[in-house]
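Chains: A, B, C and D, in written order; residue numbering restarts at 1 for each.
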């Protein structure tokens, strides 16, 4: 009967029952990918139950949206999932374009697709690096960041910012692609396939890595759908569903790529699915860069946007899952209500089901494998 | 000089001098191993590692030492003061004590105990107290959990490492370090090659014993913060740190002596000489190597940005030149002296090679979970070590009964052990009964 | 699909409309749970994509509880809307779609809509002792939790 | 060499007795355990003085390295709450005191009777340096039977432990 447990930050909590102890993985825990606090009810080494306490990073984005014009709100969208800012932007811009009933010109749509796919690779790279670091492999994180740096350089050349890029505007693009954009992307994609093989050799057949991830945090297909889980986590449980194929947006319908899925839905499968997704994204980029159509980059919409009253729900396939925007407009320049459907927030709900019965060391791996970003969870 | 010291304590003078040298050199050595680790880690991760303090970060260990000395030394309030102060001492003394039996060169050995190897094993097993008491004394749940886990890990992996050593002792026939190396030079083959499985098990066991690489679960950052060292800070923490690195060097020393032929020069048998001189090429190698390093350092001197770094780099180059001179001088000196100095060089070279292997493994493998760690230890390593010991025993019988050559007799048993290893490793799951049937 | 719904639920089924080519069905709040169950079982809308609310202070039934559903089989989306009054409790759909658990808690946290039948209806994003529901239209954006700041930090919040 | 030998012997003897007394009187369990370890180490030191290195090593590995680790494990795992640290003296110490006196009397008598024969060993005859082999030979030749019995006993104990552990977990 071990006495009180003090987490990193929290106050001591006294002991429960016979040998059940509450262990606090506090907001400052090194491996909770941000300010997430998990209250674990432990029975010896096993996790009997867990409760995620979130809200430390809540900035009230939806309330702010009601007091900003459509264009002014666009940069806020990048601050939610700060690891995949470009795809947030794409989601929001396309939702508003649907609200206005217009379409971005073909050239803009293709460039948007390329940048979103590059952002997906960057987001997966960051996930892989931190996930491997949590499980103890010290080297992959540096390899991943080296590749991610290349992508961020392309973003910086294109729109001046690396992380919260605000790369797209409602109706199309603000900037024409800088000359050499195609070469940079092609060069990156070409040597990226060798790099992915590097990670694969380091991790995929690594006995310890397999030992630490196989059979950990299992989520079967039925639970996944019931819990509303989307993205790589859902595909790893065996559901072959990707919004880019099911309901194509931007220019995804012009390229062929396949959707990786696995069956058992454990941490190893999610790892394999995400690695395969990176390869597919690379394929899309290569196809897209081949023939970027010429033409205008901005649809003809006025400076002041006054969408007709009504509502729209538009969602895209963000790196973490289905990112949806439900926008209600009352005909003024400011949206009446913007509701963001955050993939990380809903995927995190599945954490309790995955963590039950696992060991403390696995909790860290499970948090990593769901790939959450607290900016998006708390909004 | 002999007559100066009274006769009664004559036999103690040389060991005391060696002991003082080792105790003085060790913190420095530990610091530079840390630097080596950070540099190698950086090199593997496509980055540079510490470059700021001194040329190429060479003065980094000194900076670390000074920092640790100046850092405030916090003792948790409800901690058990006596134990809190006593625990790191236990760790460090045990680590230093184990050096007494280590034979660095034929001449350079503090005490040639005829139970040398056993002595080192016993002393390093006492190191556990430092960890367990430290965990208990800092009175925080995290360190207690970490301490218990690392103690359990040490105990279980010591058995595996011990069994691996036994298989070598069967061949060497004696416990004293000198005799083991002598046996290796007599048989003309390093035990690492004649008992490959023993070497493999010992490598894994020693990594686990010093809490490093894939087995560094007790201080796994992600779960239990820093294990038993959580509450320690400043100089006290550096004692633990020193003990860990000293243990690493001891374990490397044991492995070199038993498996890599101690101070024997690699390729002891072929003797072609440098034309026109009587010096064998391989003997001249150490001198040439250090000379090469010296020249490289000299070439770096102009490139150093800061003036002070130029001086330091020049000093380093000078040091290398002196070592090269000593090594070259030893060539012409009488064989005993040459053997002593070159022996020490080869021994240190092998120890650093072994440590490099430690670092390499550390940066490629993720961390084991605690139950996997235990399963690997108890269900894979120890049975394999047992089978290995039986195998070597059978080999010796073969050699004595039918006078097969030392190598020939070992081949069948090594293959048998290989078979068992595959069997055990096939399913990481519980060990099947088949493993006892072996050892024909 | 609307005919089947009208036949099945009669008056509970208010009206069906299309806004920007997206199907919206407005239903009575009381029938929300039965209709949701029907949609999931018969109509194969097996995933609750999103559950949220919109505040229309001028209407007497002030809140719109909005459920976005998606069917893997038919690759279709449907939006259920139900009008709920200020203090009127809405039936919780947690048993039908476990995904609704946190979303309903967030709606309660932000709007104050009580979902009866919810396992533990507590605030999810804001600190537990927070007063007021921020996303309501009458909740001024500048209003800060001044007493929390005074009590914990001992200073007057500058807002 | 002679004086140094004696000096070391006295040092170890005093250390052993002192830490034994300290061990008994300590309130803090862990301090007690540490003093017990020092007692065992000092007896090991005395073995070394008698040139019996194998015994010295076995003492260290077995007692201090093995059994005492388990002691410390048990102390730490079973979280003794504060009450255990209070003074534990109850009536029984009178009985213990009497027994100790009787024992002391026997010792004194033995020393007094054998006073003549007792001479500090000048310098133990040089036992063959390789006493490890000596112990090994003896163990496997004369005392083969007892060695086998002991090993079977240990085996049984191990299996018993495993079975008990399995039942608790199962």
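To be clear about the criterion, a contact is a pair of C-beta atoms (placed from the backbone, for glycine too) under 8 Å apart; a residue touches a chain by one contact, two chains touch by 3 or more.
Only a predicted model underlies this, so the values are computations on that prediction, with no experimental measurement involved.
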| item | value |
| --- | --- |
| Graph distance between chain B and chain C, where chains that touch are linked | 2 |
| Chain pair with the higher count of C-beta pairs in contact (A-C, B-D) | A-C |
| Centroid-based (C-alpha) most distant chain relative to chain B | C |
| Distance between the centres, which are taken as Cα means, of chain D and chain B, whole angstrom | 31 |
| Interchain centroid distance [CA atoms averaged], chain A/chain D, Å | 63 |
| Whole-Å gap separating chain A and chain C, where each centre is the average of the chain's CA atoms | 24 |
| Chain A and chain B, separation of their C-alpha mean positions in angstrom | 45 |
| Sites on chain D at which at least two other chains make contact | none |
| Sequence positions of chain A contacting 2 or more other chains | 2-3 |
| Numbers and ranges of chain B residues touching at least 2 other chains | 144 |
| Touching residues (chain side chain C, partner chain A) in the complex | 19-20, 22, 24, 46-50, 52, 54-55, 66, 68, 72, 75, 77, 79, 97-99, 101-103, 110, 123-127, 134-135, 137, 139, 141 |
| Chain A contact footprint on chain B (complex, rising order) | 41, 44-47, 140-141, 144, 214, 216-217, 220-223, 225, 362-372, 428 |
| Partner chain D, residues of chain B touching it in the complex | 8-9, 80, 82-83, 86, 113-115, 118-119, 121-123, 125-126, 128-129, 132-133, 135-137, 144, 147-148, 151, 155, 175 |
| Complex contact set, residues of chain A against chain B | 2-6, 8, 30-31, 45, 132, 134-139, 142-143, 146, 202-203, 206-209, 211-212, 359-362, 364 |
| Residues of chain D defined as touching chain B within the complex | 1, 3-4, 28, 30-31, 34, 37, 53-54, 57, 60-61, 64-66, 68-69, 72-73, 75-77, 129-130, 132 |
